[in-house]
Structure formats: structure tokens, C-alpha cells
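Across the two complexes that follow, chain A remains constant while its partner is chain B and subsequently chain C.
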Partner chain A sequence: MQPILSVHNLNKYYGNQVGCKNMNLTLYPGEVVGVVGESGSGKTTFINSISGNLIPDSGKILIETGNETIDFLEISESLKRLLIRTELAFVHQNPRDGLRLDVSAGGNISERLMSIGQRNYGNIRQTIFKWLDKVEIDKSRVDDFPRTFSGGMLQRLQIAKNLVTSPKIIFMDEPTGGLDVSVQAKILDLLRKLVRELNLSVVIVSHDLAVIRLLADKIIVMKNGEAVESGLCDQVLDDPQHSYTQLLVSSVLRV
Partner chain B sequence: MNNVLKFKNKKTDVTAQDEIYNFAYLDENTKRMIRRALIKALCIPGYQVPFSSREMPMPYGWGTGGVQVTSSCLTTDDVIKVIDQGADDTTNAVSIRNFFKKTANIETTEKTSQASIIQTRHRIPEEKLKEKQILVYQVPIPEPLAFLEPRYQETKKMHALSEYGIMHVKLYEDITKNGHIETAYAYPVKTNERYIMDPSPIPKFDNPKMNNNPAIQLFGAGREQRIYAIPPYTEVTSLDFEDYPFDPSKAPHKCSICGSNESFLDEIITDDDGNRSFICSDTNYCNQRMENN
Partner chain C sequence: MIELNKITKKFTLHNQGKTNILVFNNLNLKINPGEIVALTGPSGVGKSSILKMIYGNYVFQSGQIKINNHNIDHTYPRNIIELRKNIIGYVSQFLRVIPRVPTIEIVMEPLLEINSDQDEVREKAEKILLKLNIDKNLWNLSPLTFSGGEQQRVNVARGLIRNYPCLLLDEPTASLDSVNKDIVLNLINEKKDSGSSIIGIFHDEYSRKYLNAREIDITKISDAK
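And then the complex of A and B:
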């Protein structure tokens, strides 16, 4: 099987400051890769660089679309943006960054559909309801504005908005950050269900080891912009080799 | 300079006061710059061409863009008509007509068929336009995506890459809220199957008239410094959904002056008791129907 996304020797600097350095990643279809590390370790820089939000300084990003391999950093701006709104999806930590707050919930979900050329209101409406159902938002809220939604609902709406065109690769930057614990659990439950059901390929960034353990198959541990350890999730978390990973694992609060 | 002299030779009745202006107010270099923008705009239908808009002797929002475009197109043989919401006799129309009468000393008319250049605010005349006529629109906000995406740089990219999904989000919201597409003016169109364009705040009733029109249609936005155009016989389609097709609706009334069933109507409140009547917004169309009857 070929990886759907592979990243080779990716570097991103902010002036002399290291954003992330020498990063590698291989993502197979249906796989979830978690990126963990403390604040400032370069997790977000890394995910932004591989998802098209930032332009890395050097490295290679290859995306497998099924019939061809695309060099993500070499393709034209138009193809890149087309990929970003069809094959890729980005779930922001703050759902307000990924949603249009002055457009109804249904309108938010419909945007990607209409941008790929769907022009039948009835069909679009059907798809919206299907996705509201999938992310467990009540259908009666379809015409309400996102600003009337709670934090957890907003995040679920953002997930629906992103998944509606069945993208191949989903990037998530701390999708449960800023939510209270019970809502976090709900979102995680939903994500796990969607990942299994739709066979999604996901790169997820989190500082929360519990989130990663629950969702990810493989894990990359970052520190000061570099990967210090990577491997199967259970293996790395149960038997951490690098001293920093050991510190991370041991500092998880247990109740 | 040559042009100024030629103009003075041709029209010997220019008064001393008018000689302080160049022909049609703008200087020749500015006109040349605007004509270049116009030619580019005609080559790429619906594409917004930036131009360096001049300070005009009227406030922004009163047609400074339209006036600059008209001024750059005028020749001494032109006959100009100016309408505001379809009417020849409103303040904006009268003052712009007088402006050109004074600065270019050209013939003016109220008859659509006799005009070679028609400057308009918010209407397209009811009478069919012909080849060799130019329709100049006054445009307040040229960017159709402006209310959905405030970043100008981003809207430029969206146009360049035909990323127009968001335009339909607006129509989607309309149907969701009202059961039909509520947008009644400045209804977005696609020009020549490529660029989405704001037709300026004309009623959507006028949208079909833009399609395949024999006349040249020029759009000038003075404050926003943009020019765009539709060349003659160009396809212009109004955006819609398959199951909610575009409908150029009009008030279900007759004109209470000329009795026309076809024209776009203005609603006039006639007294304090809420009585109202409907009359043609195109005054020239209405007058001519009355003369012919």
C-alpha cells in the first residue's frame, strides 16, 4: 500500500528562529498520526506547513490522489487551492477560525459543496441534514447562526463543514483544546466514530496525550522544532525511550 | 493640446468661460489612461481593471466613476443622455447632463434611441439598445464578493481561480431565510462564462437585458477606482440554483400613467392614507408611449 501523504525533511524557519526542522511523516490511508509536544515545540508550525497554510523553507510533501502523486510544494497556486478545498481539510483549534459566523450553520456546511459545483438547493439541503445528523447537531438548528452555538457544537459544526466533501486527508490542530472535559470526551467519541466509519486519514496535533492515545495509530513527539521520537502510539507511550517523552508520559495527571 | 484646439475650431459657439476646461473636463492624459483601462476591460469581460480615479467636481457616490468613463468616451459628435433610476429629470441626471453640456458643449437628449452615450444610475432603459450605443453605469461597489470576503487580496485570488462557491452561499442563505432568492438589485451575474460581476445596483428585472446586448456596456467605480465592461453580444447569466431558477420579477401592476405592463415600476405613495400608485421608472419610455397614443 502506498502512503497517501509523505513528508520528507521539512524545514520551516522564522528568520533565525527554528519553526520545525528535519521533519518526516508517512500517513497511510485510514491511519491517524498524532503529533505531540509542549507549547512552542513546533507542532502547529509543522501542521500548518504540510497543510498549505504556511510555505515551508525546504523539504518535500507528496500527496497520493489515487491516480497520481502530487508534489504539494511544486504545484500551481490554483491546483493547490483546489486540493485544499476538495481533498484536504483543516480543523482549527478555535472553530471561529474555520467558520463564517455571519452565515447560518447550513450555509457553512454548504460552502464546500457549492465550490465544487453543486447547484441543486434540494440536494444540498439533504446533504446538510445528513451531516448535522452525523455530528449530532439537532436538525432544527440548521438555519441558526454559529454565534448562537456552544463551544462544543461549534467544533462539531466545523468538523461537518470540513468533512462534507469527503476529503482524503484531514488536519486537526488541537480539535478539543479550550473545551471542558465532558465536551472533549464527546468530540473525541465523535471523531473516533467518524475515523472508523469513513476510513479517514488524519494528522492530529495535540498537547494532550490522552487525546492522542485514544485516536492515533502512530505518534511523533516534538521538542524544540524537532521530532525526538516516533513510532506506534502504544509502543511509544508505554515504553518511551527519549528522556523528553518519558517526562511527558510521567507528567500526565492521573485521577 | 491638439485635441483642445481641434475642439475649439469645430464648435465656434464655445463661450469664453467654457474655454478654461479641456473638452469634457478631464485632461487628455487622464482620458488616455482611462481608455486603456476600458480597452483592457472590454478584452476581459467582467474583470475589474484598476485605474487611477481623479478627483471630480462632485462627491463620491454621485457618479464620479461614470462621469470619468463618459468623459473619456465622448467625441464632439456624440449625443448624451443621462438617467438616474430611469428618470431624465432627477437631480443627479440633470446636473451630470448640464456638466457635459457645459464642459463638452455637445448635444443632449432624453430619447434613448437618439443617444450615442447613455450614462445611467441603477437602470437599463426599457427601449432596446442598438449597436454603436454605449451604456455607462455608475458603480458604488464593484466587487461582488466584498460583503462575503472583506480582504481585497483574497477576492482577487478568488476571481483569478474562479473560486465562486461563496457567492452561492449568499443565495443559499436567501432561500433558507425567505423561501426564494431575496436579492432584488445588484444581483450577481457571470460574464462570458468566466467572471462573476456586480451589475451595479440595477433591479434584477434588468439583468436579462445585459445578456447578448448589441450596445457596449461600461462600468465605472470612481471611489473604488475600478473599471469593468461587457462587450456587445456577450453572454451574461444571473446566478441561481437548478431548483430555484433566476426570476426577473416585477411589481404585479400596470403603469398608472401609460398603462404599460412590461416596464419596471416605481411605487409612489400618494397621500397620508397609504394610497399608492405605480408608474414607469423609465420616464422617456413612459412619455413616448403617451405621445404615440
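And then the complex of A and C:
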């Protein structure tokens, strides 16, 4: 099996400041990779640099579409935009960053569909309902504005909006970050189900090791912009080899 | 078949004075298909560590672990993920699940990895839950509020719903009453008879005898202690 996404020696600087340095990643279809580290360690810079939100200074990003390998940093801007609308998706920590608040819930979900050329109102409406159902938002809310939704509903709407075009690679930056724990559990359950049902490949950033343990197959531990340890998620958390990972794992509070 | 050849395992605690703890030195072990091996020895001797090395949770410094002729090699996490999906099952001591997910779905999950027929999988999950005396009224509740024994049986149901060629069991009967213990032991025996290689930790003599397990005292197969 070929990796669907591979990142080689990626670097991103902000002037003299290191954003992330010498980063590598291999993501296979159906796999979830977690990126952890304290705030300021470069997690968000990394995920933004590999998803098209930021332009890295150097490195290589290869995306396998099934019939060809795309060199993400070399392709034209228009092809890149098309990829971002179709094969890739980005779920923001704050759902308000990923949604249009002055467009109805249904309108938000249909945006990506229309951008890839779907025009049949009936079909689009049907797909919207299917996705509202998947993310457990009541159909009756389809024409309501997102600003009338709770935080947890907004996050589920953002997930629906992103997944509606069946993207192959999903990037998530702290998707359960600002949510209370009962809502967080629901989103985690939803994400796990979707990953299995749709064979999604996911890169997820979180500072919460418990979230990563429940979702991720592999893990990258970052510190000061670099990966200090990476590998099988269970192994890195159960038997960390690097002193920083040992510190991180032993600092988690248990309830 | 599970094979451990000349395994060395140590822990280096970087933040605690770089303490080195040698757990195993030159550890050798082989579990054949249709066989149950029970690890024995005092607490802290590394019984769980052996299971965790086989499952890939722990790294080892030298030697070889082979599962049906596939190497456990941490430079290729993908291979370990595939082995876990297809070959190795693990019943851990404690249930680790997402809060609020119903019991039935937790039990179905491992089987859904290889079978997408929801109804068929649900039926199998119901069958094994019934067998393990988990009350029907509990199936749609999260097991996190269940009693210790019930949680353990949910964990067993989840681990045994599939037929893995290799099975790792970490005290699967520790907090069960005698009736339920026998039920779990019978299930394990069924897996053995179907040809699984099984290695486990069983705290009581009764379970080991019931399973007709080959007992291995770890202190006698590793040079470390």
C-alpha cells in the first residue's frame, strides 16, 4: 500500500524564528496521525504548512490521488485550490473560522458540493440531510443560521461541511479544543466512526494526550519546532524514549 | 505462532536521574498454535511487559519478536497496525473507551474493522454479551459506570468477538465471580481449540489448570533477575 500523504524535510520559518523544522510524516489510507506538544511547539505551523494554509520555506509534500502522485508545493495555484476543495479538508479549532455564520447550516454544507459542480437542488438537499443526520443535527435546523447553534453543534456542522465531498485527507487542529467534556466525547465518537466508515486519513493536532490516544494510530511529538519522537501511538505513550516525551506523559493528570 | 528470541528490554528514565532498569536479558519464548502459555512470577517481574512487547506497546533494545513470521519492528509502525488489525488480539486489564459510547458498539468495533455488515456484526456482539451474562438493559449504556466485573466482561467480549490467530490476555478473569470466570475460561478454550496461539497472565491457579496452560516462570527464562 502507498501512503496517501508523505511529507519530507519540511521547514517553515517566521523570519529568524523557527516555525517547524525538518518535519517528516507518512500517512496511509485509513490512518490517523496525532501531532502533540506544548503550546508554541510548532504543531499548528506544521499542520498549516502541509494543508495549504501556509507556504513552507522548503521541503516536499506528496499526495497520492489514486492515479497520480501530486507534488503539492509545485502545482499551480488553481490546481491547489481545487485539491483543497475536493481531496483535502481542514477542521479548525474554532468552528467559526471554518463556517460562514451568515449562511444557513444547509448552505454551509452545500458550498463544497457546488464548488465541484453539483447543481441539482434535490440531490444537494438530500446530501445535506444525509450529513446532518450523520453528525446528529436535527433536520429541522437545516435553514437556521449557525450563530443560533451551540459550540458542539457548530463543530459538528463544520465536520459535515468538510466531509461532504468525501475528501481523502482531513486536517484537524484541536477539533475538541474549546468544548466541554461531554460534547468532546460525542465528537470523538463521531470522528472515530467516520474514520472507520469512510476510511478517512487524518492528521490531528491536539495538546490532549487522552484525545490522541483514543483517535490516533501514530503520533509525532513536537518541541521547539522539531519532532523529538514519533511512531506507533500506544508505544510512544506507554514506553516513551525521549526525555521530553517522558516528561509530557508523566505530567498528565489522572482522574 | 508467537516467538521471542534473545530479547533485551530496559527502561531509561531520563527525568529521574537517567535511571536504567534492565527488565529482560536474553529472553526466549515460543507459543505454538493451539497452545496456552501462562506467565507466572512475582509482581513486578515483567509479565505485563512481555504482553506489551508482543503487542508493540513497548519497544525492546535487541532480539526479535515474530508473530506468524511477521517481525514486530518499530521502524515500520504501519506493519504493527496491520498485525493488530489482522493477527493479534489483546484483552487488557482495564477498559479504555470513549465516554458515552454504548456497550454494544464497543463490542462491535473490532469486528467492524473487517466486516462492514452492521446487522451481522451486531448479532454476533449480542450473542457474546448474552454468553457473558451482560444484562440486555445495559447494552445501550456506556460501560464506564458498570461494576468492575461487568467492565471486565465487556472488555473480554470486545477482545474475543473475533478469531485472532494470536491472543494476549492480561488477567482476563481477575475480578470475576466463579460462574462468570468459567464462562470466560470456556471462551478462551474455544479460541485455543480453533488454533490460536494464546499467552496470558492469570492470577489464580484454578484458571491456569482449567485452561491446561503451560506455565512459564519468567525469572527462569530471562537472565535479568
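Here, the second predicted complex is superposed on the first by the 255 of 255 C-alpha atoms of A that agree within 3 Å, B and C clash if a C-alpha of one lies under 4 Å from a C-alpha of the other, contacts with A are read in each partner's own complex, and residues count from 1 in each chain.
Convention: a contact is a pair of C-beta atoms (placed from the backbone, for glycine too) under 8 Å apart; a residue touches a chain by one contact, two chains touch by 3 or more.
The structure displayed is predicted, hence computed values, not measured ones.
Visitor: Is A:Glu229 touching the first partner chain B, the second partner chain C, both, or neither of them?
Guide: Neither chain B nor chain C is touched by A:Glu229.
Visitor: In the overlay, answer first, second, both or neither for which of chain B and chain C A:Arg81 touches.
Guide: first
Visitor: Name the contact category of A:Gly122: first (chain B only), second (chain C only), both, or neither.
Guide: In the superposed model, A:Gly122 contacts chain B only, not chain C.
Visitor: Does chain B (first) or chain C (second) touch A:Gln246, or do both, or does neither?
Guide: second
Visitor: One more residue to check, A:Glu64. First (chain B), second (chain C), both or neither?
Guide: neither
Visitor: Could you look at A:Glu174 and tell me whether it touches chain B, chain C, both or neither (first, second, both, neither)?
Guide: Neither: A:Glu174 stays clear of chain B and chain C.
Visitor: Classify the contacts of A:Arg192 with the two partner chains as first (chain B alone), second (chain C alone), both, or neither.
Guide: second
Visitor: Which residues of chain A are in contact with chain B in one complex and with chain C in the other?
Guide: none
Visitor: Can you check the complex and tell me which residues of chain B touch chain A?
Guide: 157, 160-161, 163-166, 168-169, 172-173, 175-177, 240-244
Visitor: Taking the touch rule as given, give the residues of chain A at its contact with chain B in the complex, in rising order.
Guide: Counting only chain A, the residues touching chain B are 77-78, 81-82, 85, 100, 103-104, 106-107, 110-116, 119-122, 124, 142-143.
Visitor: Could you list, by residue number, the parts of chain A that touch chain C in their complex?
Guide: Going through chain A, the ones touching chain C are 1, 26, 28, 31, 181-182, 185-186, 188-189, 192, 196, 213-214, 217-218, 231-232, 234-235, 238-239, 241-243, 246-247, 250.
Visitor: Residue numbers of chain C touching chain A in their complex, please.
Guide: Residue positions touching the partner: 11-15, 52, 55-59, 74, 77-78, 80-81, 96, 98-101, 109, 112-113.
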